[in-house]
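Below is one structure, written out as structure tokens, with a few remarks after it.
As written, the chains take the letters A, B, C and D, and residue 1 is the first residue of each chain.
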Amino acid sequence: MVVRVQKDSFDAGQVLNEFSSSASGSGAVVSFTGIVRNVAGGLKHMEIEHYPAMTQAAIEAIEAQAVSRWELDGCLVIHRFGKLVPGEQIMMVLTAARHRAAAFEAAEYLMDYLKSRAPFWKKEVTESGAQWVEARSQDEEALRRW
Amino acid sequence: MVVRVQKDSFDAGQVLNEFSSSASGSGAVVSFTGIVRNVAGGLKHMEIEHYPAMTQAAIEAIEAQAVSRWELDGCLVIHRFGKLVPGEQIMMVLTAARHRAAAFEAAEYLMDYLKSRAPFWKKEVTESGAQWVEARSQDEEALRRW
Amino acid sequence: MQVLYFAWVRERIGLPKECVESDAKTVSELVEELRSRGERYALAFADTSALRVAVDQELTSFDAPLDNAREVAFFPPMTGG
Amino acid sequence: MQVLYFAWVRERIGLPKECVESDAKTVSELVEELRSRGERYALAFADTSALRVAVDQELTSFDAPLDNAREVAFFPPMTGG
């Protein structure tokens, strides 16, 4: 169970390899990488604001839930804040387990909760101005399955 | 949609980075890595046999199904055959999509079908002998959800 | 207590945090007091169903008691991931 | 036609493939003919519910017609991934 909240970019491939090595004995490793997409109108950049005093603990609490629900050999969350341009990696979730079902479910669970319960807010800056990304109702609904 | 059936090992991190770069415009990249686990009694190595004339086409057909069901920006399957020792990577599935739900679901679909419908057979070689891995009933049941 | 604002709540109110003296018993009572501070506040807190609140870094509801809370944060629904 | 065997089917029969002359109309009829080839075959094909079959590299069922099939493969349930 590791959480990294950081401004700097990261090398997803290197993270995956290090995570897989550390979770030896696992048969299944799942990774999710979130990438800044371009938007209609042309995204200049995205700004991710967070609540520093709360972020780390909030993500740790989400991870603790996942670890209590699935038998995981490892779990890692990286989430960036600050200014990001299209194509940059925003965040990454990794899970390791004996079998694939647990690794997939735990990764989806972590993603669903990170989307709506970790204190991050995204702002999109385009040529025509800046606006806060609104929470999608599907993201709130996604939590109901757990 | 790419399929690689190979004897050689691969660098999962490099595969992930190249895949993410090629699927530009995607917001979500999911990867699954299957790793040889040790087994009770001590695994010396695993041997993976396959049906060369059929394997590539069978996996392509599974990918085509995934692509028809989900809007994917990319999809890649790597599966090894031959002799593998514990800790080695057996296979990898990657999917890229605008949103995470499609990327996760397509990756799970690919895994479920690769498990039970791609012509690979695993044999475990331990100190006490060799035996073919039996298909798990859960793996067959997993197909029913799709 | 410290009151923190994030994202568009911060922008509407015009500051990221401030020290607030209050006897409010609940988050809702604190919101009432903040609304009376002027137009910016009234606008930011116009519709609390569009807001989320954390007390001492824990997500909670608007009817939660404040007890001896040291930090209350207001923000829109999160959009991480 | 070419008949291929994989995994424990190959091991029980003792060879990976062979050329078979047959007028069998279906996979099941071919299995009957193969069973009569001796003990190794009878053992390998004792329980076809434990087997899978592909005709010309496509998974199919044991009651599938053979038509002008060029390649038939028998093997246990797959264990990829």
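Just so we're on the same page, a residue touches a chain if its C-beta (ideal position, glycine included) is under 8 Å from a C-beta of that chain, and two chains touch if they have at least 3 such contacts.
In this text, all values refer to a predicted model and were calculated from it rather than measured experimentally.
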Which chains lie in contact with each of subunit A and subunit D?
B
Whole-Å separation of chain centres (CA-atom averages), subunit B against subunit D
26
Note: subunit C sits from subunit B at a C-alpha centroid distance in Å of 48
Mind checking the centre-to-centre distance between subunit C and subunit D? Centres are C-alpha means, answer in whole Å.
71
Contacts with 2+ other chains: residues of subunit D:
81
Name the residues of subunit B that each touch 2 or more other chains.
34, 100, 111
Pairwise touch list, complete, is A-B, A-C, B-D
Given the complex, residues on subunit B that touch subunit A span 11-17, 20, 24-38, 87, 89, 98, 100-101, 103-104, 107-108, 111, 138, 142
Please give the residue numbers of subunit B that touch subunit D in the complex, ascending.
34, 49-51, 53-54, 57-58, 79, 90-91, 111, 114-123, 132-135, 140
Quick check: in the complex, which residue numbers of subunit C touch subunit A?
4, 6-8, 10, 54, 57, 59, 71, 73, 75-81
